[in-house]
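After this come two complexes, each holding chain A, first together with chain B and then together with chain C.
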Partner chain A sequence: MISEPFAIGDSLLHRADPAVKITGALLLTLIIAVSSSLATPVAGLVLGLMLAAGARLPLGPLYKRLLAVNLFILLLWITLPLTGGGEAITPLGPLDLSSRGIELALLITFKTNGIVLILTALTATSSILEIGHSLERLHLPHKLILLLLTTYRYLGLIEQEYQRLRRSAALRCFSTSTNLHTYRTYGYLIGMTLIRSYDRSRRIHKAMLMRGFQGHFPLLALQATRPADLLLLLFFLACGTGLALLPVFW
Partner chain B sequence: MECVKSPCSLELRDITFSYPGHQQPVFSGLDFQLCNEKIGLVGDNGSGKTTLLQIMVGLLKPDAGKIIFNGRVMENEKDFFRLRRKVGMLFQNAEDQLFCPSVLEDVAFGPLNLGQSQEEAREISISTLKRVGLSGYENRITHRLSGGEKRLVSLATVLAMEPSILLMDEPTNDLDHDGRHRLLDILTGLDQAFLLISHDWDFLAQLCNGFYGLDHGRLLKSDTLQVHQHRHAHPLGEQGHHHDHSK
Partner chain C sequence: MHLSEGILSLPILAGGGVVAVLGTAVGLKRLDYDHIIGTAMLSSAFFVASLIHVPLGPASIHLVLNGLIGILLGWASVPAIGIALLLQAFLFGYGGLTVLGVNIVIMAAPAVLVSLLFGRMIKKPGKQQMLGAFLAGATAILLSTILLALAMIGTDSSFIDTARLLLIAQLPLMLIEGTITMFVLSFLARVQPELLHLNSAPTP
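Right after this comes the complex of A and B.
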């Protein structure tokens, strides 16, 4: 089941048009991702923190999300300073501690955290339903949006079906171990889940045909862009320009 | 049997159907006509009730025979598209019928497909939800509804298309006592012709004015409804139900 811990709230960012937020998030994260100087990612991280505070994101889930990301970053900190090349600061056993490696690790850390914060504050504050609709308004391919929305609708159900099969296996004293019986049983479980999902998709297609489906999935308009949203778009544009020009003046 | 006065009729003529890989056909030479009636259909599991409904609306293609809607033989998918604008079907599993993320979108899907504008579709969806007693459910997430709520939303998605014939496949499944009562009230108020599959005899008896049984691929009409009163004891007496003998 997909939980959307950040989607509920009534901050300014929650109420803003998701299409504008997605555009802003794309612009800002792209600029941060491709920058090679440290100034832009640092400013991006500050902006991300400000947006997260502005959206009044719940701290618990936010920490969890950042922790997951930074575990990967930790791996980079273990390897990059020793393998980054460039000027050696001090020898560490057979390896050298490299300044270039440390700089790179620092850059990636700022970039990643800034991007995660911006994406969380701007896109996770809309429900997947709203995001789907906004992508439609941004003229993304209709089929992709349909995939997103139906996946969202049916993922939980497919998981339920899988769990039901697992429970029925467990009720007949199935326990996992490293043997052929376990592999075969898991093969059956996955196979049955696939078959059931396929059968279900056929039934859903029939239900859609019964309601006049002819290949085009109409979406009921949810939001429209308001003047306040245009102001927000201007704000994102200004931030983007600032971030892009920062290394020039730093 | 002609039904001239009826504004809308759906007829099966000499239908033969078998599933691929099965020797025994489900139907051979089956005839059926639905005019302005409210028909109840009973039959054992696997007797082909659901198959019959799907043949009627072109979701399954018969090996032989004709489907005639309002005097016209339905031949291709385009014909059936026109038929489906007028014939609504309530599926056995509400989970299959509700494929949109939110309730309002699901109800609006049909009207939008029929070419209504966004405003019209929104309006008719809201009023249909009100009709089935689900006002205020518009923005609820479909997959988080209870079983009974899903069933009623499914009914709303069909009614929003304003069909002149309704086909319902075991609509009382997974409904509790209250849900069943609500569904009964809503269906009693319908003026459409319908074909209702159910194992729930009492439910059929209260709604239908004609009954068919499906047995070994044959439809048997049964016009007589025998009403009898009975008394029975329940465990859990403090939560017992009451029989309404005035009806």
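Right after this comes the complex of A and C.
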């Protein structure tokens, strides 16, 4: 099921203006992503941990999220040290461990985990609805925002429709294996999901139009940038400058 | 099939970002307000497809379906896929803001391309439609994997073996996606053909 486990909370970061948080997240993750020295990603990871602690993120979902991201990192650790080229440090059976490969894998590990932590602490602490509204305040096209919010609105719906069809297939003793029958069944399941969701989304849309929907999803709480948010923005700018200048001094 | 944060270099990230913005602008321009609902529906279907695991031998593999989105939406698949990827970054932490552009290019450029290549075949009923749908599904995955490999190799040449491994691992997905896209299309054509013309016919 699709949920937003981090969006509920009353930490300082939860209460901050999402527009400021998104700006900060983009700035900080960009600086970390493009750095070529190890110092910035390490500092970024520390900053990410601090922000995650500051937002008091629930640990269970956070571990799960980090685990999923690190599966790909694991693949890199399996391949890069053996194939990375550069100087061979030590022979490992018929293979050589390459210094360059290990450096690259280490750099990516720090970058990825730091960025995921920062992104989670800063963007997942607002609901998608709030994020949509603040993206509009950041002057993204209205059509795109409408698409974002409508897509989000239909996510749960489509997943429900799919699960319902999946259950009814299971009731009819559908079991999966690697054969054409399975793939045909999945194809029809997806096709039926699309048709049902399409019909349902059209009905919802008509009902919304009848109730005066004019392309805006109103928010109960008004969003505004408060003085405290400007301080937060200054904090992000300072962190960004620090991260960017770190390799010069260290 | 997308890249996580912290892997690619600045030129690749910037290039991907610029292409993604241009593609999204074209897609949005061609998308009028009446079709936003249908597009949003397919955008969330694209999101949900990545949660569907189909069996493959002893393991399982999750669907991508960017070929299907491409032939159903044409150019509008760029904002549709972009929104789905943005939501995945926010809700699951897959991918992120800096690689969003590259990921959009990896997934959406093949979607647009297969709609241009096979769109006409799919409009005709019968065997040609089935073949076109299979080719669209399989080609989209192949192109996406190639773009992904190119983005990695363009960042650092030592990624070449990892990229080769990924390319081989995606080959079975190509066949599965082709087959499933074919069945979805043939089902839609029989049950509700108007869904095949989401992007051209006005909504009644």
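Couple of notes before you dig in:
Going forward, the second predicted complex is superposed on the first by the 220 of 250 C-alpha atoms of A that agree within 3 Å, B and C clash if a C-alpha of one lies under 4 Å from a C-alpha of the other, contacts with A are read in each partner's own complex, and residues count from 1 in each chain.
Here is the rule we go by: contacts are C-beta pairs under 8 Å (C-beta built on N, C-alpha and C of every residue); 3 or more make two chains touch, one makes a residue touch a chain.
All values reported here derive from a predicted model rather than from experimental measurement.
Touch criterion not met for A:Leu59: it reaches neither chain B nor chain C. Of the two partner chains, chain B is the only one that A:Leu219 touches; chain C does not reach it. Within the superposed three-chain model, A:Arg211 lies in touch with chain B and out of touch with chain C [touch as defined at top]. Judged by the touch definition given at the top, the superposed model places A:Ile128 against both chain B and chain C. Of the two partner chains placed by the overlay, chain B and chain C both lie in contact with A:Tyr152.
Of the two partners chain B and chain C, more residues of chain A are touched by C. When the two structures are aligned on the shared chain, A:Leu180 is found in touch with chain C, with no touch to chain B. Of the two partner chains placed by the overlay, only chain C lies in contact with A:Ser197; chain B stays clear of it. Looking at the shared chain after the overlay, A:Val248 reaches neither chain B nor chain C.
Using the contact criterion defined above for the overlaid structures, shared-chain residue A:Leu171 touches neither chain B nor chain C, since it reaches no partner. When the two complexes are superposed on chain A, the residues of chain A that touch both chain B and chain C are 128, 150, 152-154, 157. By the touch rule above, chain C contacts chain A in their complex via residues 4-10, 13, 24, 28, 31, 33, 36-45, 47-49, 51-52, 54-57, 63, 65, 79-80, 83-84, 86-87, 89-94, 96-99, 156-162, 165, 176, 179-188, 191-192, 195, 203.
On the chain A side of its complex with chain B, the touching residues are 128-129, 132, 149-150, 152-154, 156-157, 200, 203-204, 206-214, 217-221. Listed in rising order, the residues of chain A touching chain C in the complex are 2, 4, 25-26, 29-30, 32-34, 41, 65, 68-69, 72-73, 75-76, 79-80, 82-86, 98, 100-101, 104, 107-108, 110-112, 114-116, 119-120, 123-124, 128, 131, 141, 143-144, 146-148, 150-155, 157-159, 162, 176-178, 180, 182-184, 186-188, 190-195, 197-198, 201-202, 205, 215. For chain B in complex with chain A, the residues that touch the partner chain are 54, 57, 59, 81, 84-85, 88-89, 91, 93, 95-97, 99-102, 104-105, 108-110, 112-114, 118, 121-122, 125, 141-143, 157-158, 161.
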